[in-house]
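Read through the structure below, which is laid out as structure tokens, and then see the notes.
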Amino acid sequence: MSDKRIPVSKSDTLMNDEMLSSLRPPGLAWYALIAFLGAVVAWGLFAFGYQITRGMYVTGLDRPVMWGLYIVNFVFWVGLSHSGTMVSAILRLSQANWRRPILRAAEAMTVFSISVAGLFPLIHLGRNWVFFYLIPYPNQRGLWPNFRSPLLWDAMAITTYIIGSVLFLYLGMLPDLAVVRDRSSGWRHALFRLLALGWRGTAHEWTVYHKASTLMAALIIPVAVSVHSIVAWDFAVTVVPGWHSTIFPPYFVIGAILSGVAAVITLMIIIRRAFHLEEYLTPLHFDNMGKLLLVISLLWSYAYFVEVQTTWYAHEPIEWEVFSFMSGRYTVPLLVMLLGNSLLPITALCFKRVRRSIGAMLVITLLVNVGMLIERFLIIVPSLSHKNMPFVWGSYRPSWVELSITAAAFAGFALLYAFFVKLFPMVALSDVRELEARSVSVPLGRAELPSIAGKE
Amino acid sequence: MEKLTSPYKWGMVIDLDRCTGCGACVVACQAENNVAICDKKEIAEGRNMHWLRIERFWVGEYPDVRVRFLPVMCQHCHDAPCEPVCPVYASYHNPDGLNGQVYNRCVGTRYCGNNCPYAVRVFNFYQHEWPKPLENQLSPDITVRPRGVMEKCSFCIQRIRRVKETAKGEGRLIRDGEVQPACAQTCPAEALTFGNMADPESRAARLARSPRGFQLLEQLGTHPSVIYLKGGGREHVG
Amino acid sequence: MKRRTFLQLSGMTAAGALLAGCQSKNEKLIPYLIGPDEGVTPGRATYYASSCAFCPAGCGILVRESEGRAKKIEGNPDHPVNRGRLCARGQAVLQELYHPDRLQQPLKRSGARGSGEFTRITWAEGLGLLTAKLKELQQEHSTDGLALLTPQLSGSLATLVTAFMRSFGSSRHVSYELLAPDWLRLADRQTFGQAGLPFYDLAETRYLLSFGADFVENHLSPVQYGNAFGRMRQGRDTVRGHFTYIGGRMSLTCASADRWMPARPGSEGALALGMARLILEEKLHDKSALAANGLRPEELLGRLKPYDLPRVADMTGLAKESIAEVAREFAGTGPSLALAGESVAFQSNGPESVRAIQLLNMLAGSLNRPGGIYPAAAPSGPDNSFTQLMALIESMQAGRIKLALIKGDPVHAIPPATGFQQALDKVPFCVSFATLLDDSALQADLILPDHAALESWGDVEPLAGSRRPLYGLMQPVVMPLHDTRQFGDVLLAAASQLGGAPAAALPQKSWLEFLKGTVAKRVSGKMGEKFEARWVDLLRRGGQFESNRGPDNVYRRASASSLPDPARPRFAGDETQYPLHLQVYPSSAFTDGRGAPFPWLQQLPDPMSCVVWDSWIEINPVTAAGLGISQGDLVEVASPRGSLRLPAVIYPGIRPDLVAIPLGQGHKGGGRYARERGVNPLALLVLVEGSEHQPAWNATRVRLTRVSKSGELVTAGHPQGSYRSDLIGI
Amino acid sequence: MKSSWLIVGLVFAAGLLAVALLLLYSLPLEISDRSPVQPIAFSHKVHAGANGIPCLYCHRYAPVSSSAGIPALADCRACHLFISPDSPEIRKLMAYWDKRAAIPWVRVNTLPDHVYFPHMMHIRAKVDCSVCHGAVATMERIGRTATLKMGWCLGCHRRHKASIDCWTCHI
Amino acid sequence: MEILGVFADVESAGRAVDGLLGEGFTEAQVTSLSSVPYPDGVLAKTGRHNTWFHWLALLGGIGGACAGFLLAAGTAWVYPVQTGDKPIIALYPTAIVTYEFTMLFAMIGAIVGMLLEMKLPSLKKRLYDPAIAEGCIGISLSIHPGGEAVICEAGVRPEECIGPVSSLSAAEQKERAEEVMRAAGVLRIIGEVQP
């Protein structure tokens, strides 16, 4: 069903103007935002510097809780990075046309969140200054890293995913860059001319481009799945009670998609509001995304149920100890998590009115991500604090340094995004205009231009 | 590929029936291995650096109450969960069956610490210092670990190295009882016996065959080199 | 000695760089001025045999030394007392040597007493001051105004001190120690007519019955008995010795017992007699042994009439069946052994109870047999130094003491109930020979710092560690770090400066010379070439461990010995107002407090409570619940004498009517690691004198109140996890 | 766009990358002086070279200990009481002796932290001193010749079938 | 030589293409420039449905698999360090690393291949008009005067890639083409920039 509110009647120039509105010179609000985010990031950098000069004792970590908020952050941000792949690649392959206005936002989010995620293992290191021991390269020590370690798999997977998602983002942006090139002047023109690589939009280029996009989409989905599976293996391959679980990889992938999709919706709402893209991001999109979120939330609930249920039934003492400890000490977070990830989305998103209500979607999607952050915390911390040896059970409370760096991660992500928005086309305008062009059936002498928009 | 074999498989037998929980081994270990002195705050934060601890469990209620002591040091598992997870080979398996920790190499991911089910790995959260002239007590045979690295019991590798060097110089193998970690050496009740498990006639190997023997968290399949012998415990209540 | 020269000028950087740091600067390589002796190789450790003087057990030690610095203390495998083993405290003595707050030179008080304000002086000044004071006493013809307070001494130092005091003309040498086994000597004298100490053949016994004797942590010779305990349990192929512990608090020793009988405090003697009666009634006793000791069963049984099972059960609060069972097992499983310990002795009926326990050994025929009890070759000691102390305090109060020389830390270790601390204020001049600015040194007018143990010469006669006489030698393993002098040297220097009788009695130039003289006497040789070789040999081995003289001493009941009668114990404090008994027990790490300055011991979790760096009070969970106290709460303990605040430890192994506080903390001085840490429970104790004027330090009653949530208690073990051994299946 | 700029840019980028890789290769950096000035201009060339004194004559602990040892001041003095006692450098030596002060030699061959290097094991294995220390007999002032990097040590251990267990050197 | 006609909409551009083909130019000589993709054949027929760049992706994948395997297995084999009773060359870890490298190199291969096949980035200045970005359609015609060497795709006969008008001179061809474009309603025609 073609939605009538898609602006079929607009001229291409007008559409370009509207969709590239984010590239207009920034206002005071933008500068204020940048200043604020920059301050938060600077504070986080100070906190990190403090940690490097003082030592890891400035964190709340101890024995046995040797991983804390940094790894929670790592898993969370890797999870967010699944948004772009999910929205862009999967929906591209399944030819869901409503994806078009949001795919750029989602892809950019992938790149930035995986980059932020990639920083956390480094921040987390006890000796950050010898991080290069982790890189496989020929060196004068004659020793290579241990590829049997899941952390190396992580490093490989995240590198692959960062490169892959940057390529994917760039690939999707290539025709748009040409458009921006043609509309810009000065240093921007020089930059975009460089980035557009001389794209002209010949029929041949478009043909290859389409095939390449499809191929990349097909390639990046397994990478995305592997990335979060590997993150899950960091935990699942250990002998830590509560971690050593075969459900973890699919559970993590589902959780990642859940938080990713929710984050994309949140981002859609913000971008829609900030750049007045109401006509391009319509309630239809929210409706569709809402349905997707509903399905994933159901899947997540299923996975969570399976995990707890099997542990409860088997009742292996120490495993169950971890779960009872979790529900005892962390009752409130646990309930928030269940509400945010499962109960609220599943009940609310059944209703079309909720799905099409921007305000309700904002609340729900934010809660989903709060829930996902808590979920990661509840996976990592209770298990570690209640490990196999009861005599050395411990507890964990993040310190101000860890909280500052977490805040800086969010701010840094937002900062990158704010710059990206001002520099690059935020809406995939070729894709949107393609849909626009195709929604009109054009009788030509030699061929009939098919209206594929109607297929939706 | 070099051969990774050795005539030694070091192991320890801890007789819980002998262990009185006195703590001599804890101090011996601390003295031998330059283990940092941790103040009250540090221990309150859960950052005690002891490589060897004596766990004390209360069982039952007054008056039918009993105490169980369990000295826990690195179990030097043959299938050590800490080793493969280290991305930089800082934790590795020594040909003698020991679980090695290389401080230069350690970058401080603390993954090994998480994956050690025995929680015997300690992390240098602090840069520890010894107020002068207390630093004189530091043994030159073993390094002082900087902050940011993991450390743990090595079965007093420096002692093993010295004896190995001597034995090699004399062209023979290490004799049973020739090398002892500091904890086993000092244990008043002789609850700790260290030896070469590859030699079936060594004292440790003979003790390890005791029907009282068990391994800690055996179900995890880590195959520790430390064999515990069950304590008698109290049969009666009065 | 050439080695000493090398030690002085040592200091090559170690082979493996010690501390991590930036590699941008080239290190310095400092060579020796003079090469080391033959046999000493830089980079390789050297071992020196010596003796541990931390506690009177006198274990043999080997000190590992590298690059001229002592690195570690290990047990001397040749020493018969500890057989190469060493306790935590003995190893921590290393930290006395390198303690950052050690006294580095003589000090003279410049502020008020106890203010800790001192000025540095030279040894010449310090010694001058001391001899001036001594001379003053001589001129005033009040040489008895000199008091010397020391721990219980043995070997040459005891000889020297005695000679010094006698030649000076003072009789006031008091060597009081809270934990000294005076009570055991007394019991031995009363029962066997000889004031010695027993040697328990724990390793060979099959049934061990300990009445509050905590031989694993503190009783007599803990390393020796810890070792023997291990052999008793698993050292024999077919026999596993059984161990029953009697006492209101589950001590570390008790934790290893097979059976715990938490008898009411003060009722242990009655329990022993109850068992004795049952053994006699059931004719389970060793008839020949009884006869050899001149006892007739019928007569004995008659005298034990009052201790029938129901009454004993009532007195002790234990079940009749278990008392009977233990009595039968004890008598029926030979060889068996009954020990009496401090917690029993420190009751008002303590000496009687200890004798009652000795009676059990007699009944079971455990005297002078393997797995039983022998007289030990122990150094002689007072059997009631407490009365001497009280007499001294009285003199001090009366102002008769003009000069007090203090070795050890009596200000911390003597219960204030004796009035010692106030009495000390009345002494115009106090001299301390401390190594650290401890509580007593803070009160001193002059501090003449002693060497650390590892810098000292000396000899040690192990306390009750062997049946054969033996002694260990102490030798300095490093050059003195600071400008300190050994106590013996100071006394000798003072004697020579005084001239007259002291100088004549003590002509030796140095403490080493004096020591060699006494050792020479002991090896029945004279000083000379031949002795020098022998001396070096003794030093190399760490002492004289074999004796050609066999252990001929045996136990036989003295005919004059009366039967013990542990009457109902008396307690200080009204039962309604102070409902709980207080047991003050020596901490397994600090004993009476001398271990507190050493960070290794502070960091060592208490084996039973797992507390580190602090004091605590142990409360039964039921009692605690009744008072609304939970683990880590700050509680106030009030006795008729005073009150203290300290954190609570919920302790399942203690009688509900008993609370316990370890000794050792609560120092005002003692260096950075001990100062202002925890509390000294001695402040709570009321002076209750028991029979034979023995002090009953466990006879105080207290009351508990919860103060707040934050006791700042730090334990090494997780409070809940400590109850979950089920999770690891042990 | 001028292609010359592009080429310059590419070359610059390639250069930067090469420098970065080189830096990465040689990390961690070791920037101590390879041939520091010593407090006394002791010449190995004269002692070991011209006079042919064997290494172990002075560094006598090498066969028995982990550290080779440097001669005690008394040992230097013992010879130089008779041999050229008036040269300015020997005067310096004697001045140290008179002050009873140790000579603060500067370490040349430094190993990274946490590395245990037993000299005696290498002597026992008949490794020539010059393998690590270079041709000392030709050096007027001692300088470091080998990299003493782990890869270098490993190479030698591999060639000689010595242990490559990490704990051989890192304890 | 190339000329570019810029058209306001698809219809006029389509007419121009029809006209050009009618004039005797071949499909291969005509291509469309647009900022929005139109299905192949709507304007110009590329006649090339078979792209080859995905083979490069495959090649990259194979190369990546080798690199990954060598890195994971080779480095472990060169310096064997035993860890936790796991084999030196362990199956699953090697597989994971191999997989990641396969995917990475395949993705890079795909993008590089795509660019190569598109002949991008092009350093040559080519005919273009910024109005195309605003929705205009460019119709580009390459003019080959008779006798000029023309490189056709493999297996394609020269007649198929050069139309019959090639017998005319370049100027004449250009004139005819401009005529057709003007008839179709071209906005402007841009000739090749003369060097």
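So that you can tell them apart, the chains are marked A, B, C, D and E in the order they are listed, and the count of residues begins at 1 in each.
In this text, a residue touches a chain if its C-beta (ideal position, glycine included) is under 8 Å from a C-beta of that chain, and two chains touch if they have at least 3 such contacts.
Predicted model only: the values in this text are computed from it and were never measured.
Colleague: Quick one: point me to the chain whose Cα centre is farthest from that of subunit C.
Modeller: E
Colleague: If you tally contacting C-beta pairs, which comes out ahead, B-E or B-C? Let me know.
Modeller: Of the two interfaces, B-C and B-E, more C-beta pairs touch across B-C.
Colleague: So what's the Cα centroid distance for subunit D and subunit E, whole Å?
Modeller: That gives a centre separation of 62 Å.
Colleague: So the centre of each chain is just the mean of its C-alpha atoms; given that, what is the distance between subunit B and subunit D in Å?
Modeller: Distance between chain centres, rounded to whole Å: 36 Å.
Colleague: Roughly how far is subunit A from subunit B, going centre to centre by Cα mean, in whole Å?
Modeller: 44
Colleague: When the C-alpha atoms of subunit A and subunit E are each averaged to a single point, how far apart are the two points in Å?
Modeller: 32
Colleague: Going through subunit A residue by residue, note those that touch at least 2 other chains and give them in order.
Modeller: Residues 130, 142-143, 145-146, 148-149, 152, 388-389, 391-392, 394.
Colleague: Touching at least two other chains at once: which residues of subunit D meet that condition?
Modeller: 1, 28, 112-116, 118, 154, 164, 166, 171
Colleague: Residues of subunit B that contact two or more other chains, please.
Modeller: Within subunit B, residues 2, 48, 53, 55-57, 70, 81, 84, 86, 89, 92, 94-95, 105, 141-143, 146, 217 contact more than one other chain.
Colleague: Quick check: in the complex, which residue numbers of subunit E touch subunit A?
Modeller: 10-11, 14-15, 17-18, 31-46, 48-49, 51, 53-54, 57, 68, 71-73, 75-76, 78-79, 81, 83, 86, 90, 93-94, 96-97, 99-101, 103-104, 106-108, 110-111, 113-115, 117-118, 120-123, 126, 128, 130, 132-135, 138, 140
Colleague: Quick check on the complex: what are the subunit B residues that touch subunit D?
Modeller: Per the stated touch rule, the residues are 2, 89, 92, 94-95, 98, 100, 102-105, 141-143, 146, 154, 157-158, 161, 165, 168-169.
Colleague: Note which residues of subunit D are touching subunit B in the complex, please.
Modeller: Counting only subunit D, the residues touching subunit B are 112-116, 118, 120-121, 124, 158, 163-168, 170-171.
Colleague: List the residues on subunit A that touch subunit D in their complex, please.
Modeller: 130, 132, 135, 137-143, 193
Colleague: Under the stated contact criterion, what part of subunit B meets subunit C in this complex?
Modeller: For this pair, the touching residues of subunit B are 15-24, 26-28, 30-32, 37-40, 43-44, 48, 50, 53-63, 65-70, 131-146, 182, 185-191, 216-217, 228-230, 232-238.
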